[in-house]
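In what comes next, subunit A is part of two complexes: it sits with subunit B in the first one and with subunit C in the second one.
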Partner chain A sequence: MAPALRLALIVAIAAAGLFAPALLGGTGAVYSAAVLIAIFAVMAYGLDMIVSDLGEVSLAHTVFFAIGAYAAAMLATRLGLGPVATLLGAIILAVVAAAILGVVTLRLKEFVFSLVTYAVAVVAMTVAANWEFLGGSDGLRGIPPFTLAPLGLRAETDAQLWPVAYGLLLVTLYLMHAFRRSRLGQAAVMVHLNPRLATMSGIDPKRTRLQIFLLSAPVTAAAGWLYAYQRSFVSADLLETYFLILMLTSVVLVGRRLLLGPLIGVALVQIQEKFFSFGGYVDKIVLGSVLVVVLAFLPGGLVGLGRSLVALGRRRGESVAGSMPDVRTVKD
Partner chain B sequence: MVGACVALAMAGPASAQSSASGPIKVGLIFPLSGGAGPQGQHIVQAVQAMGALINAKGGVLGRPIEIVARDDESTPAIGVSRANELISAGASVIIEGWNSPVTLAMQPVINRAGVLDITAISKADPILSGEGNPLAIRLNSSNSQDGAVIADYIANTAKAKRVAFLVENDAYGNGALASIEAELKKLNYSYEKVAEEKFPFTQADFRVALTNVRAANPDLTVAINANEGLGMPALIRQAKQSRVPGQLVTAVGTIAPSVIQVAGDAANGLIGADIYFPDVEPFASLPQNKEFVAKTQEMYKYTPDKYMALGAAALEVWAIAANEVKSLDKEAVAKRIRGGSFKDTIFGTATFQPNGQLDSKHYLFTVEDQKIVVRPGVN
Partner chain C sequence: MNLAQQLINGIVLGHAYALIAIGWTVLLGVARLVNFGHGQMYMLGAFVTWYTVSRLGLPYLVAVPAAMLAGVAVGYVMQRVMLQLTLKQDLVSIMIVTLGFGYVLNGAAALVFGSTGQILETPLSRLDIYWGDLWLTWQDVALVVAAIVFFIVLKYVIDHTAVGRTARMVAEDPPLALLAGINVKKVYLGVFAFEGAAVALAAALVAPRTPILTSMGFDEVIVTFVVVVLGGIGSVLGSYFAGLALGLFTAFFGALVSPAYTTAAAFLVMIAMLVLRPGGFAAAPGSR
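Take a look at the complex of A and B:
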């Protein structure tokens, strides 16, 4: 396809996406689901960089999500700052936190890396739940509606917030696409798959890891930032396993290093939870089992499964065709 | 495919919008699974029983009420999803709240949708601050109301000078301790805090803490422990075994009949306070309460506890208010309830403060022969 045509098609699909909730009925529940899917997808894309590209499992990404949300809540309620300033604050704080965590975990890999990031999440949860400065166990309330006066935007409802959430999702998708084509993105994969070759090619694995951490944290924090406005209440529950499991499942469910993978993963999980719920216990069993099955048996996710099935079908088709040449000849 | 799923899902709730003549939908959001699941399920049963009583008397605005219960899984994010679900399903009122963070997360969502939100149990003070919901209503007593009752007992009845505290080290325990101390300060009562021992929610062995308390020789010891299944009965038994001197007083709402049952004889002589007892005066002879207790026993073979009564009273008060103002409008009903008074409820006359808090009458009780005996005089 010609690049210009391809670009036009992408722009058309992206523009059409804006009207998707309206086309699906446009009720409050549809807009709420759409806004949350967009926000949680952005949250998952931050983790996707670490899991899919760097090949490590960070269990501390809920911390970046919470940093974004707490930054928005505190700057908006205590200093009266608008969304642009609070986004800036969220990004700066997330980068600082990621730099500290990145430096500390620079030499750690796989299991130890995951364990250390988990410990960080536990510490963060305890601090958030008990420190009065952060609202303690009562959390932070009274976050004003998302307002951008120059654009005449004041989002009281999820329908009004939808363009903002969708915009954030598109920016994140573009960022992920550009990242994977960039030198850093390619270096990440090389560090992941063949660290020795990476070193021989002049790539510094530690530097690459740190850079990816610094890029990934603000993405997840931006999701937390918008979530604070969407929910207008922020508390230590953001550090609970609910968000961690949601992120991890979404990243691995569809398949790794697929641009739309985390978005589709989040959408599937959220739609099941919101519209096809089987009750608390069964939902948790379903989500946990899906995670186990995908991690244990489907390393390529649903797309990998689909590919295997297609390949199997082809092979069968070929062998059937090969064993019955006469029939084909006759038919032809 | 995703789109198809959403479209399919939305076909249900959209067509289920309550029409002007069909039943009025009342949404309930409580934990129905996990650690608090049994309590949440009991509350739903109590509200169902109250709903049956209301429907038998002609319903609300001449229409029957239909109870739709959802599980918040004690998780704020899920509670918000369930609130959106009930709003889409056309609920006229949502009665919710076991965990305070879940309530605080749901308040803005329900408020923005223009649906009346009544909090049954969650205790945190910010629920009534008006930030999440300017028309908030809550039935359970607040931490400060609870603290005042215990402080009054310490200062005016027991006149204890040497006071020890055994405190669960979390938001609830520390908040309860702070409110008792603040109320004692308000009373300008001079006393000495001879011991303060803190422990985690899950602790069951208090012998070291109790040894320290005994060494401090208190006139009175206040136990703040919400772990009614394990911690509180263990604490009561071990306090008796350790021969801790002076009176043992428990924080408001921490002594359920099950606690007394597990603690056995050690519970005798204990002082506590609560706002509702199904079969103790003055509740035992209130006709509305008798009817409610009988209906719950008939439908579910279970005698309602305080939490169940609070859930049922939330529905009862809402139904009376809606019938009086002849409207389901959030603002009209909320204004009738906030600052208003209701005769003949299962709590007797129920009066709400202008900020939406139900005025609770606290009843001090002692445990005698493993039975709760309410002390004369109401706080």
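Take a look at the complex of A and C:
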């Protein structure tokens, strides 16, 4: 396909996506689900960079999510800043937090890195719940609606917020795509799959990890920023394990290093929870079990499962078609 | 602040922490495995004990083994599900799987036991000991004694018995152990079952000290991390002293500074340890 045609097609699909909730009935529930899917997908893409590309597990991404939300809430309610300024604040704070955490954990690998990031998340929850400056256990209430006066936008409902959430999602998708084609993205994969080769090629694994950490934190924080406007309040529950498990499940469910993987993963989980819920506790069991089963039995995710089913079907078909296996299958 | 009282609190807390962490210590030291569902297994142990005592009306001495049995079952199932990942030593996936298991346990416990807080009362937790103006309960005494006995037996088993030798060999070199005719899978399953039993025992002994909730377990995880880091990975004796040190630190920090931030303070101690001697920690077995 010609590049121009391809681009036109992508733009057309992206534009059509804006009307997806309207086509699906356009009810309040559909718009709420759509906004949450977009926000949580952006949240998951931040983690996706670390898990899928770098091959490590950061359990501190709920902290970046919460930093984004708290930054929006504090700056909007206490200083009366608008969404653009609060987004800037959220990104700066997330980068600073990621830099501190990244430097401290620079020399830690694999599970020690995860252990420290998990500890950060747990400690952040106790701090957020106890520190009066952040609203303590009550959290912060009364975040004004998302308003962009120059565009004449004032989002009182999820339907009005949807274009913003969708825009954020598209920007994130573009960023992920650009990241995977960038030098940094290539370096990450090499560090992940062949650290020795990476070192020989002049790539510093520690530096690469730190850079990706600094890039991924603001992505997740941006999701938190919009979530604060969507909910109009923030509290320590943003640091609950739910968001962490949701992120991890969406990243691994469909398949790693697929651009739309986390988005589809989040959508599947949210649709189940919003429209086919079995009650909060059973939903927890379902979400946790999906995570366990995918990692333990479907290393390639749903796409990997699909591929092996197709391969299995083809092999069956071939063995029925002719008793003599052809050269290609023998070679396989 | 009463110095002697805080000292007693610290010693009791310290033994509690050492006992809470011991499952992880063995898991890491012997099998080079991790379990992020540790806190939720602690929660489950506490609730099984509570259910057996206050709902089934059975004696505490029956409830403790019941909780340990539940711990063994959960540990076994968990390891059974992720056995392939363990054999591949895929630590990244193991971490996420254990986290997922913790989440499932959390949901299942809330479904079965309800989400309201409960008080786990044992015959011993109601018996106070007053000694001048110092105070503790017989539950505290039982906890300290049980922890000491547990550590002595464990140290002996790992260092001097056939079971301990097998486990250590698997930890050193799984393929070689396999060649030597050791059933590696069995060892992994056994170690995880042990982890479940140990944390359930800790829960049955420690949980009566505070109200229990199905959402708890996070403080216990931080405690475990700190003890494992301070004590040196896989060192049984090290984790005993690390637990004790952390207990004393927590007691005095809670009394002098703020009880709300003890977890955060313990975490800062751990970070300081990691930054000050990262080489020592990073070079330890299991942190590959």
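Rule of thumb we're sticking to: the second predicted complex is superposed on the first by the 323 of 332 C-alpha atoms of A that agree within 3 Å, B and C clash if a C-alpha of one lies under 4 Å from a C-alpha of the other, contacts with A are read in each partner's own complex, and residues count from 1 in each chain.
We adopt the following convention: a contact is a pair of C-beta atoms (placed from the backbone, for glycine too) under 8 Å apart; a residue touches a chain by one contact, two chains touch by 3 or more.
Treat the numbers as computed from the prediction; the structure is a model and nothing was measured.
Partners subunit B and subunit C, brought together by superposition on subunit A, clash. By the document's definition of touching, of the two partners only subunit C reaches A:104; subunit B does not. In the superposed model, A:112 lies in contact with subunit C only, and not with subunit B. When the shared chain is aligned, subunit C comes close enough to touch A:289, but subunit B does not. Shared-chain residue A:281: touches subunit B and subunit C both. One listed stretch of subunit C collides with subunit B once both complexes sit on chain A; from 1-9, 109-117, 163-171 or 253-261, that stretch is 109-117.
The residues of subunit A shared by its contacts with subunit B and with subunit C are 130, 280-281, 283-284. Across the complex, subunit A is touched by residues 34, 36, 81-82, 84-85, 91-93, 95-97, 99-104, 106-108, 110-111, 218-219, 221-222, 225, 260-261, 263-264, 267, 270-271, 274-275, 278, 281-282, 286-288 of subunit C. Those residues of subunit A that touch subunit B in the shared complex are 20, 23-25, 27-30, 32-33, 36, 129-130, 136-139, 141-142, 156-157, 231-233, 235-237, 240, 242-243, 264, 267-268, 271, 273-276, 279-281, 283-284. Those residues of subunit A that touch subunit C in the complex are listed here as 51, 55-57, 59, 104, 107-112, 114-116, 118-120, 122-123, 125-127, 130, 241, 244-245, 248-249, 252, 280-285, 287-289, 291-292, 295-296, 299. Every residue of subunit B that touches subunit A in the complex is listed here, in rising order: 2-3, 5-10, 12-14, 31-34, 37, 71, 73, 75-78, 80-81, 84-85, 87-88, 100-101, 104-105, 107-109, 112-113, 124-126, 129, 131-132, 170-171.
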